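One chain, subunit A, appears in both complexes that follow, with subunit B as partner in the first and subunit C in the second.
Showing the complex of A and B:
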């Protein structure tokens, strides 16, 4: 298991580094068109061939990986912060706060995540600049994906509130923010970290699903989601197996994140 | 006790569903481009016609008034008319619900059967290699977007609904295997084994009742997971279900359709969760 963990870390570091240095590694900018080589097969010049607009797939994969790999953790961080704030307040304050927040969490959980995301994303302008679309996509993911984590953090905060250590700290005169920051937050850290880690592959897959239905990152900016749109054309897939390269990278990265999931007791 | 429990679930169900509908309406109302309409781009329309189209959104401007009026109409069975598809929402929903229910129902059923069928031998025979193979297989399917699985099955002329099964089964497998392993390690199961009870009797009388409540809880959330997966599958595979309708309505900012869909989905998810809670209460009152 330890070896599998090490391999997963090594693969993630390698892919992350390759995407980070995409500007140096990629043979062409992601939007450059080679109009004489439209839908070209894999070759020495174009390692993964070109798409139907003549853009180098390998370059687009590198840049797309950078976007998905940098922004999914950012969205996960946003959703985890929201979950800590909302779940933490509910669990620590108890009483009416807890009941109201628990209903809000139930409300968000009663709507499938992708449905909620679909409504919110589609309501925002679709004809935005590519950069805005990236920010909007991942910000909305972070804003609507906090509920499952908040429920778990709320439970953790609740059990800590009634724990001996908090009782002892209170008896010693520790109150308010100090109690939260010194005694509760450090004990919640493993749960919070686990929720953050779980959210990353969820958001990567979420962006891929949205990209597939045309609501993800806008062209010409590449992301795993819009690179996978080529799969919607069966002829392209049958003749060019390298179209599947973004899918392979996505599967490898998500598998690595799954392998590196922290202790299961904090995950569910 | 039971009446109180059902009343509590009923009140929570009603409140959450109503707030979900209001949330959906508010999101659509305050989304940019709410009052824009594709018809307004028609060059044949004169200024008066465009103004009339613009004015037709007037009842929807005050979101609370719209929602109260909407709920009044719902009480009489009228869900309004779709703006983008120009058809009564009720008929759109009834036409498409069957496709989605079939897709989700078959997917959930197949996922549960597959998950349990793989989990039981893993617990009974405790073969590490088999366990590793099943975990790896399940993990692999969890790493692929369900929409891609659906597309691949669609192109291979396979059953698209199986894509949902491939999403559900790893979760069922992992959960059931852990639960059943815990159940077989319980002192009362060890005692039953020591007294020479048959394997079938131990499984049916002592293991299943212990594991059932948590399995039922997972069954309750399966619907939400499956519906989330059904949206991109229906869009990409051109299946005329509720997921595809949600996608079209969201793109067209179709308020009546989106509010109705939000209420229906929230209600259905709440119902499945409440049903699983009540089933847990019935089979293990101490854990409910």
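Showing the complex of A and C:
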């Protein structure tokens, strides 16, 4: 298990480093169109071929990885923090706090958030740069994506509140913030981490879906989301297996994150 | 003797076509109406075309007018009146005879303001009543309150209704009659046994027994079904699929040349738009608009986005429109050098790869287009790279269609817009709502009280002049001048004219793909299926 953990760390470090130094590694700027080499196959010049505008797919993958690997975890962190705060209060406080927050969570889960994205896109100034646009998109995803995790964290906090561990701590005079920070939070950590890792691919794929309606990463900026749009045409994939590269990187990254998940049971 | 009989049989088959069989192709959506007078959408138009009988038909191949239910016609009173001599012995699909009363009934229904018929709108040139005078069962004169430009051509869209049939719109004069409709699934059109056209030997057309129209939005599924042989044609196919299919089965695809569809962009010149004054000044400058136009590589767009199945666009009229296209005009040439020279005339400076105006503002603007249209997004991305060469930063903004329309027609919160244009009507009078400065579709600055510029005033004058005369040569001269002004002033930057692409099974015979709608089945009564397909259909 330790070996798998180390391999996951090494792979993630490698991918992070490659994306951070994309400017040095990438053979071409991500927006450059080689119009005489449109939809070219993999070659010495274009390692992963070119897309249908003649842009070097390898360069775009490096830059796109940078965007997705930095912003998806940031959005996941934001949504997980909100989930911990809201779900934790509901689970720990109980009573009417719990009932109210549970209804709010249900409401958040039932609302059609797509319309919020449409409104946000409509409200953004037209000359917003692609980078600002993508940061806004991920921030909004982080702000509205906390509800599923909050429900699970609420359940975890509820079960801890009634556990022998907390009963014992209370009997010893432990109260308030100390009880939360020292006894409850550490025991919720596996649940919180799991929710965080689960949120990352969800947000990456969410951004890909938003891209289809023009709300994701704007041209010419690449992201895993808009790179994955090439997979929408199954027949084109059959002739160009290299378009699967972003999917392969996504699977590798998510798998590595899963291997890094702390494998701890609730201590009692 | 057997050999002679065989030769006669083969000759007869090739001369008269193969009878029977069912043709199957797809509609993209359910028809919104079966009333031929209320047709607006493509699916309803398909049903109208295949079932409706018209007095005059535009031959989709030659673009000439041909007699159908009217054997002859004459326009008089400076384009206000049209007299038809009708074909005798024709009956509706339910057997009711066709007479001049039916034409009068159709015209009255069409022009009823309460009906809000889009087809009627194109015939409504001025307020007032339309008079119909039935001189005989086979003669009728229709008088309009004011001259109607291209009057005879407009009757291509008017499917005649029966004034006496209890079946109302279900009684038709076209080659097929609606037999079944399962919403969301399919429509079945069966042969109209009373159809008036016959083969040389007197047998009534059409050759086909039925046409099945499957309702299918997904174009990948449509293509897969076509390649499996379940469909016999795809009326319009996108360039990417066309290219893919042509690699697999080159005999199945047809490129009929330029269509009536084009892509264009324009700058927001509305003085009330919430834009900085310096930007408004850029967009109102002819030199700026022409410079941007010169910096766009249209040939590359045709090659990369449309796989070579498009042409650099010239202007508002496609070369597909043979009569009205001004052959003297050429597309704006790609030349970043000329673009910079024009910009310098307006005081722009190209410094450190950035274009700045006289006051030092870096030239940057956004281009809005509708999301989900891959071709349009690619055109925008290519323009973005092209404009870098002259130091212009272009930001691409894709919006859902409703937001886009709201911006370009109500709030005017946009700088430039990229959209498509499809002319369904060959006659330029149908474009009055675009070219008149007072019109709502005068996109760069709609609803003007008085023309904002001398050249817009001149376009107003020319458009009104062409609509007021019925002499084709005169109308053409007026509209050529409009095209020249538009090309020179560039309120719209026409980018590409798309080719008319279709896919047809070799089992379907007599198909002659045309540039205008309906590209492949415009001669539906003459389409036949090969014997192998008939055997597959179980006949």
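Keep in mind that, in the parts below, the second predicted complex is superposed on the first by the 173 of 268 C-alpha atoms of A that agree within 3 Å, B and C clash if a C-alpha of one lies under 4 Å from a C-alpha of the other, contacts with A are read in each partner's own complex, and residues count from 1 in each chain.
Basically, a residue touches a chain if its C-beta (ideal position, glycine included) is under 8 Å from a C-beta of that chain, and two chains touch if they have at least 3 such contacts.
Source: prediction; values computed, not measured.
Of the two partner chains placed by the overlay, only subunit B lies in contact with A:103; subunit C stays clear of it. When the two complexes are overlaid, the chain among subunit B and subunit C that reaches more residues of subunit A is B.
Of the two partner chains placed by superposition, only subunit C is touched by A:219; subunit B is not. By the document's definition of touching, of the two partners only subunit C reaches A:129; subunit B does not.
Within the superposed three-chain model, A:118 lies in touch with subunit B and with subunit C [touch as defined at top]. Contacts of A:54 after superposition: subunit C is touched, whereas subunit B is not reached.
Using the contact criterion defined above for the overlaid structures, shared-chain residue A:247 touches subunit B, although it does not reach subunit C.
Comparing the two interfaces of subunit A, the one with subunit B and the one with subunit C have residues 118, 121-122, 126, 212-213, 234 in common.
Taken together, the subunit C residues at the contact with subunit A in this complex read 220, 240, 244, 300, 303-304, 364-366, 368, 370-372, 377-378, 380-382, 384-385, 395-400, 403, 413-415.
By the touch criterion stated above, subunit B contacts subunit A in their complex at residues 12, 15-17, 19-20, 23-24, 27-28, 31-33, 139-140, 142-148, 151-152, 155, 224-225, 227-229, 231-232, 235-236, 246-247, 250-251, 253, 258, 261-262, 265-266, 269-270, 273.
Those residues of subunit A that touch subunit B in the shared complex are 103, 106-107, 109-115, 118-126, 201, 205, 208-209, 212-213, 228, 231-232, 234, 237, 247, 250-251, 254-255, 258. Residues 31-33, 35, 38, 52-54, 118, 121-122, 126-130, 212-215, 218-220, 233-236 of subunit A touch subunit C in their complex.
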